[in-house]
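We call the chains A, B and C, going by the order they appear; numbering starts again at 1 in every chain.
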Amino acid sequence: MSNINGKVYAMNAITPMKPWKTWIVRGILFLLGNFKRLRQDVVDLSFIEFARWVVLPRGGFPFLGNGQVKENLRYDYLLFFSNFNGTWNQYIDAFSAVLSKGLNLIWRWSEKFPGSVPVTLFMQYIALLQFDTDYYYSAYPNATANDIESAHIVQSSLDQLAAMAEGSSPQQFADAYLRFVLQVQCHLGATGNAPVAG
Amino acid sequence: MSKLNATDIQGFVLRGYNLPVARYLFLHFESAPRARSLIARLLAHVTTGQRWDGSKPKITVNIAFTHRGLVHLELPDATLLSFPVEFQQGMKHRSEILGDCGVNAPERWEAIWREDRVHAWLGINALTPDALDARCSAMVSDIEETGGAIVLGSQDAAAVVIDGKPTTKEHFGYTDGFGNPDYLGVERSSQPGQGKLMPNGSWAPLATGELLLGYADEAGEIPVGPVPHLLASNGTFMVYRKLHQNVATFRGFLERQAAAYAGGKEKLAAKFIGRWRDGTPIELAPDHPDPSIAQDPNRNTNFTYGADAEGTRCPIGAHIRRVHPRDAFGFNGRLINRRRITRRGLPYGRFAAEGDPVSDTEDRGVIFMALNASISRQFEFVQQQWVQYGNDAHLGNDKDPLMGNHGGHGRFVVQGDLSRANPPLICSHLPDFVELRGGDYFFLPSITALGMIAMGLVDPR
Amino acid sequence: MPNKNGSVYGLTILSPIIDDDKATPSHDLQIRDYLARLSTREDSPFAVAPGTHLARLVVLDDVIYVGMPACEEHLKSKYLIFESNCDGDLDGYLHGLADTIADHLDAIWKHCVGYPGAANRQAFVDYMKACQLNTTFYFAAVNDKSVEETLRALQTKTAVADFIATHQGADPATLQREFIRFAAELKARPIPRPGSMGPLRDIKTGGHNE
């Protein structure tokens, strides 16, 4: 089983919720989804490629007959799937240091959530409800969210330069080229293998 | 919080002694009882963190142990197993994590570090070479008399002397010694820029627990430490790395790159590190060094990168920006407050002034010693994520220009602007300027803990 | 809109796994075994099928008991989770899977209750939709670029860095000429295959001590 592919880590977590609390979580996730300002910190952290929360009510487990036994559960469940860059420790540390209020808002409705600060209890909780990935695919495993963001900036700047390259004089081009280099100069990091984790 | 009990903490932790010569002895224990009696003997000489009112001592002595050293001192199993994992494994076993491969691989280390025999580090600092020799022979006599250890080897180190005076220069010609953090309760002349950044732009000391075990750290918890608490309190962990410097390669590379750089050689050298060779931070003085800044403790480390997001003054991948990003990652620096280390090293080997002939094979470099409460969270993290990698700075796989294990393939981008003296430049094919020759992880106990070890009183619950 | 973020779709499928104590190894173990041996590189089924940025397959063994005073409960079946971050709309993506990697789909999902096989497209799509969970909150760092655009941009980034590095100090005329040639050549270059920049797969989990 491998949670890691190149530079990206697949985390899966499942937490139980008393059903009356599920509606609160739905409301919070709705607000989060519709108000960009609330998401800004996640964007600024810039090490998450994709992440999702899935509310799974106790009656929401697919039931397809054919001999399957229907679930009879007391709790609703909250599934969390994250695709992030960096090590497990770095990820949880950063969330605890910077996103604790937001995480508390979503996870405090889960049973026995200890709060995202202090970090050690939080890490123990995550470790308890994390389950491992059997198969993890990425179309670009050696690229992080930062690499991808940089790549799109470079592509867009290049396209602009290429569009004017033919029709300009050498000096005009040289000036435009210098401005192009300044546009992309923070975005030229090499792409290679991930640092070894543990 | 109240003042620390400085007499219980080894002096090496609380202050850089600024004594110009040092010798590090590496010991191996054969018999636990004899080793313990040696430690009891040495205890009388171990320098504490007590302030020196009046005269500074001419000699200081400090001691630290590897995990296998503690095993050979026959500490209880429960204690040995309660040390952090990375310390138990030792630096050699963490080489993959640290990027210690290629020229830095353990197979290429000096024999003393390749063989897992180092049990203790005995650090002696002195004002003069004579004082150093005298103390060392006295120590060696003690060691032989008690039969407590074998001296596996020693390493000399010394401040670079220029015009008869010791300096804080290192072999590439840079002035070192600016980066050490402030911690709560540790008395030292506080410098703005050394601690953590507060929302209002001022600097505050870091939590004591980032350096010392037994105190709250930046996450509001006691750092992981061994049991019993008494063994851990007031102690810390030390990372020791002997870094050979390829000065000839460095000078040659700088010359060649500078030929293509309109800012000139000294400016390019400053761009690699983030400081001019005299120590002036280029963030504050982008065009030329400024001794009035470099020599003013209130200014020489008092800056942030917020106004330089594009790296046009201090390149994004420059060494000091990598290892201490300050506010460069946003969130008021909260993501970096737990990634700071205290450095205590000294250069070793003959200093060759600019213009003097120099060869890579000559034995010279720096003894890098870092002190931190958590080796994995602090030193290893910085080494793995910020020195041998660049993603957090949005630099992909680019490594630290001076410290990275480039293997000839490295790249360093000097961001620039439209001005003629500050053009963008890409340096390619970076070689290995620095090579790791060995080292290990050590535990630096408090005076109380040393006494407990010496008297065989370590008792886990 | 649930499940979608910009042009990226967050697909979450939860398929009950057949519980048959006469099967040895059990169906969930057979899935795990198949997945452990499946390549995650350019010959991965998800590299072959179009539109997948990142995807994972996870066998959910059971829910987790978090400790008193929470109540202990257990699932009656195991489930196969398929979490995908993909381009386009749901129907298009599912049809794309069935068209290109039917064998793999069948090999994996044949262990799941009520799976009709990928040969019958409509039945396959209906089955997947019956197992689909609504992605309540979906975050994507980049939500407006397809897999191909991303792969092309990553290739461009490397090529541009190399071009800039090797053309420092060139005179304007040479620079312009070389750049035009470079841009044309880059544009014509095929994009790297998805999954192709991956390191060799290793059974290594992210330890908590790194």
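Everything that follows uses one rule, which is that a contact is a pair of C-beta atoms (placed from the backbone, for glycine too) under 8 Å apart; a residue touches a chain by one contact, two chains touch by 3 or more.
Please read all numbers here as calculations on a predicted model, not as lab measurements.
*Asks:* Which pairing of chains accounts for the highest number of C-beta contacts?
*Replies:* Result of the pairwise contact count: A-C comes out on top.
*Asks:* Among all other chains, pick the one whose mean CA position is farthest from the mean CA position of chain B.
*Replies:* Chain centre farthest from chain B's centre: C.
*Asks:* What's the distance between the Cα centroids of chain B and chain C, rounded to whole Å?
*Replies:* Distance between chain centres, rounded to whole Å: 43 Å.
*Asks:* If you average the CA atoms of chain A and of chain B, how many Å lie between those two points?
*Replies:* Taking the average C-alpha coordinate of chain A and of chain B, the gap between them is 34 Å.
*Asks:* How many Å are there between the centre of chain A and the centre of chain C, using C-alpha atoms for each centre?
*Replies:* Taking the average C-alpha coordinate of chain A and of chain C, the gap between them is 14 Å.
*Asks:* Using the touch rule from the top of the page, what residues of chain A touch 2 or more other chains?
*Replies:* 46, 87, 89, 147, 149-150, 181, 187-188, 190-191, 193, 196-198 - these are the residues of chain A that touch more than one other chain.
*Asks:* Could you say which residues in chain B touch two or more other chains, in rising order?
*Replies:* Expected reply: 97, 376, 411, 426.
*Asks:* Provide the list of chain C residues touching at least two other chains, using ranges where the numbers run on.
*Replies:* 161, 164, 209-210
*Asks:* Quick one: in the complex, what on chain B touches chain A?
*Replies:* 96-97, 99, 219-221, 310-311, 316, 330-331, 334-335, 338, 376-377, 381, 384-385, 388-392, 394-398, 411, 413, 415-418, 423-424, 426
*Asks:* Can you list the residues on chain C that touch chain B in the complex?
*Replies:* Touch residues, chain C against chain B: 161, 164-166, 168-169, 209-210.
*Asks:* What part of chain C is in contact with chain A in the complex they form?
*Replies:* Touch residues, chain C against chain A: 8, 10, 12, 14-16, 18-19, 31-32, 35-36, 38, 40, 44, 46-47, 52-61, 63-64, 66-67, 70-71, 73, 75-77, 79, 81, 83, 85, 113-114, 130-131, 133-142, 145, 147, 149-154, 156-158, 160-161, 164, 171-173, 175-176, 179-180, 183, 186-187, 194-195, 197-199, 201-210.
*Asks:* Write out the stretch or stretches of chain B touching chain C in their complex.
*Replies:* 85-86, 97, 260, 376, 411, 425-426, 428
*Asks:* For the complex, give me every residue of chain A touching chain C.
*Replies:* Residues 1-6, 8-10, 12, 14-16, 26, 29-30, 32-33, 39, 42-43, 46, 48-56, 60-75, 77, 79, 81, 83, 87-89, 110-112, 123, 125, 127-129, 131-143, 145, 147-152, 154-155, 158, 161-162, 165-166, 168, 170-171, 173-174, 177, 181, 184, 187-188, 190-191, 193-194, 196-198 of chain A touch chain C in their complex.
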